[in-house]
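The structure follows.
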Amino acid sequence: MLDLQILLIFMIIAAVVAVEIKDMLGSVVAVGAIGLGLSMCFLLLQAPDLAIVQLVVEILSLVILIRAVGIKNGVSAVKKRKIFSIVSVLLFIGLFIYFSTKALIELPSFGNPIMRVAERYLISGIRETGAANLVSAIILDYRAFDTLGEATVLFTAVIGVLAVIRRVGRKSK
Amino acid sequence: MLLMPLFVAIPLLGAFLNSLLGKISNRISDFIGNLVPAILVVLSFFSLFTLKSLNFTPIVYKMGGWVPPFGICFVLDGFSILMLITINIIALTATIFSIPYMEKYTDKWKYYTLFLLMLTAMNGAVLTGDMFNLFVWLEIGAISSYALVAFGTEQEELEASFKYAIMSSSASLFILIGIAFLYSYTSTLNMADIGKILLEKPNSTLVGFVSVLFLLGFGLKSALVPFHSWLPDAHPSAPAPISAMLSGVLIKSLGIYALVRVFFNILGVTNTLLNIFVILGIISMVFGGLLALYQKDLKRLLAYSTISQVGYIIFSFGLGTSFGIFAGLFHLINHAVAKALLFLNSGSLVYSTGERDLEKLGGLKEKMQVTAATSLLGSMSVSGVPPLGGFWSKLLIIISALNAKHFLGATIAILMSIITLAYYLKLQKMTFFGILRQQWLNLKEAPILMCISMIFLAGLCLFLGLILLPGVKDVFLEPATKAIENGVEYSRIIFENIP
Amino acid sequence: MIKKSEPGMTIIVKTITRYTVALILLFGIYIVLHGHLTPGGGFAGGVIVALSFVHIMLAFGKETAIKKMSEKSSGILESLGAILFVTIALLGLTAGYFFFNFITGQKPLETSFFRLFSSGIIPFCNIAICLKVGAGLFGIFLALIFFKKND
Amino acid sequence: MIEYLLCLILFSVGLYCILIKRNLIKIIIGLGIMEYAVNLFFILLGYRSGGQFPILSKDVFAQFIRPDKSGNYIFVDPIPQALILTAIVIGLAVTCLLVAIALRIYEKYGSYDIEDLNKLKG
């Protein structure tokens, strides 16, 4: 799928820009570009549910990140980075990619997954759950317990943010 | 067995009710916060007896009524019930301890809500039989512990929580990549199903790569040495009952339990993997112990000692023999109880003196008898002084190391337990013995509720040795050892027991 | 950053938001209710609903947004949505298993396949998730955006 | 095979940013990029060439009733889509919490750089 590869290359370039750019606001906008590129990828990979959720979640996290960066002192101080740490990180990443390619060869090739369990969902999904959108059939009926965990994650994040943000932590003794 | 989903439903309902009603008064959030762990302790003992009546064949609960490979299933076997009991008992003592202790913090209901969510995550992670579900519960436990570590909103706590959050969520991402590889290779997410298919496709390099990813991910969550640097900052800065839960059960249920379940029961354990466990265990033992000697801060010393004891547990699991697994499990329980007690003691010290630095404390024995006595019991149990539980488990670890011909490991284990004894004696001397300073003259003992929970845990430390008696052993430790020892047979046993 | 004369953005943005907010809210509710027929569902719809409140706040400033949904009510709504979701799950226990689809009992009737309430608990779960996600994210947004430094 | 590699390269860019950068916001951005890459990797594994998105419409369903059950429709694998919906919202939750902690650190220290936060002795 050539169009997917072009989109992926665009996202990698945007990621490198987001990492290396000095101006903070610029890197936040670059992350926004990656998120929207990801939403495009989901559309190309026939996943409309995810495209909507990714797009909308991307907007919200962009607004929050811009608030955190603030407009005033947008430049991140440039420190002399130790060469040793860069080399060791790049070595680790090289090892990671090398071994993952050796593992990737064993996976079924791109485009034809073995769908042992998914086949049943596709065929008898609508008969057993009545939902035409099979992805929401899986989310809310076959694997509804994941979605309960999912709702709890968001609930924890809300309470966690409220706990971290509160003005005074300890009552003065 | 109808009760298994209640292990997750009750604390979840408690958390949501608490966030609804807890704002009204601290009394209500105290009540909900303590009622839920009490119910869960009763529930876990009840399910232990039902499991015993079925002589410990695993119970499989189909979530939503779907047969396992097509839906999520809960699996209750010897190892899960052992973890459930330890988690819920220590959670109950932590909530009783936090009734008076958390009065010093604002917004008590937020503390209880996050505490109950962390408890849900641990119960869910220990019970689940589905890989992605395990990842979701890991995430919930992690996110609630980030917020709880930063609950005091002081400088160090915020930095420690940020560092812990970054390391822990990148570990979760490595685990998610591992699950992605496993899903694509076996096209199922059910643990038993993955085990079955991996048996049919033996010795593939993909399983090796996925084992490395999981070792990285779960190793960071259980603070093994190369990835331990978040623990000495995160645990001391959390409120005392939370650091008791973190050191006592969170790194054990989300870290060590998941590591052992995935490697022993699903991916299958090869000799190279066992050797890696042994090496990591030894390094953690040595590293944690030596660093603990130089700590000036009370809670940082306890945090480094946690790393060292986790090293003991991983070392004994790495031996691979059933005796080694038995000793590892026994040490896991002993350390959970004793370390929770020690962190609660440090909490009561901070509550009355407000001081964590060992130099400024001294001779508190006269003023705080209960804390002094229980802290002595806890320290002696971790460092392995005879009558207490810790001695038996360290003894078993050393014996199993000798049986398994790991002489180097056995000698290091003996050396490190001497060093452990050294830094705990240092801790006792600097805080409780010695001359009493002027500023602590009018010091009073910690409130009664704190003393109750500390005395209960100290009693538990004292009588944990009895677990080795033949009658009691077969109920608690033997089924758990068999559950792990089955190894890759896990998938056949699970598929036999689907209702 | 925002000139302090009156809260919110310029007059142009305010007039536009007066019209678009209702549409965004309507679109979010559509996505939730048709979660099992068309792409989207509880999460996407909930986030869109939260974004419509965020839209009001960015355009009109905090006070008007607080009138629409104050911090206290967003907390209450969120916990109610979560409790509704867990009770739906617990109701499944009555018919056998934890998340059992007790309305259709795993055998929905063929005639109702493409209708609105065709698949048992799925629409109600979607509504519960939308409540929770919408109120929760709005609560996060309120806390993060209007977090004033005390010095 | 190339798509998987490009996705893993995107993951390593995020990993590089976390391990090297000193600024708190850059680290949060690095974590976000890693999450995007892992979500994309999961969906790439579930793609079926020539497949259609797994939502049945009336006419597609009409073909379903035919004896050979699935007609000539090939669908994409729906399971990764269900899992990644969860992973995206987990990513949002972690990002919100990290931004909240970073805001509080910024309030206490006046800067986002790790060098000033020298209290950590890992």
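Labels A, B, C and D are assigned to the chains in the order they are written; within every chain, residues are numbered from 1.
The working rule: a contact is a pair of C-beta atoms (placed from the backbone, for glycine too) under 8 Å apart; a residue touches a chain by one contact, two chains touch by 3 or more.
Because the structure is predicted, anything quoted here is derived from the model rather than measured.
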Centroid comparison with chain C (C-alpha atoms), farthest chain: B
Chains joined by the largest number of C-beta pairs are A-D
With centres defined as the mean C-alpha position, give me the chain B-chain C separation in Å. 36
Whole-Å separation of chain centres (CA-atom averages), chain B against chain D: 29
Inter-chain centre distance, chain A versus chain C - centres from mean C-alpha coordinates, in Å: 21
Cα centre of chain A to Cα centre of chain D, whole Å, reads 2
Among all residues of chain D, those touching at least two other chains are 15, 45, 53, 55, 61, 79, 83, 85-86, 89-90, 93-94, 96-97, 99-104
Touching two or more other chains in chain B are residues 12, 16, 19, 63-64, 132, 136, 139, 143, 146-147, 150, 153, 158, 161, 184, 189
Residues in chain C with touches to at least two other chains are numbered 38-39, 41, 43, 78, 82, 86, 89, 98-99, 101, 106, 113-114, 133, 140, 143-144, 147, 150
Which of line, ring, star, complete or other matches the graph of chains that touch? complete
The residues of chain C that touch chain A in their complex are 1, 31, 35-44, 47-48, 50-51, 54, 58, 78, 82, 85-86, 89, 98-99, 101, 104, 106-108, 112-114, 118-122, 125-126, 129, 132-133, 136-137, 139-141, 143-145, 147, 150
Would you pull the chain A residues touching chain B in the complex into a rising list? 99-100, 102-103, 106-108, 113-118, 120-121, 141-146, 148-150, 152-153, 155-157, 159-164, 166, 168-171, 173
Chain D residues touching chain C in their complex are 53, 55, 58, 61, 85, 89, 96, 99-100, 103, 107
Given the complex, residues on chain A that touch chain C span 48-49, 51-53, 56-57, 59-60, 63-64, 67-68, 71, 126-133, 135-137, 139-141, 144-145, 147-148, 150-152, 154-155, 157-158, 161-162, 165, 167
Quick one: in the complex, what on chain B touches chain C? 2, 5, 9, 12-13, 16-17, 19-20, 23, 61-65
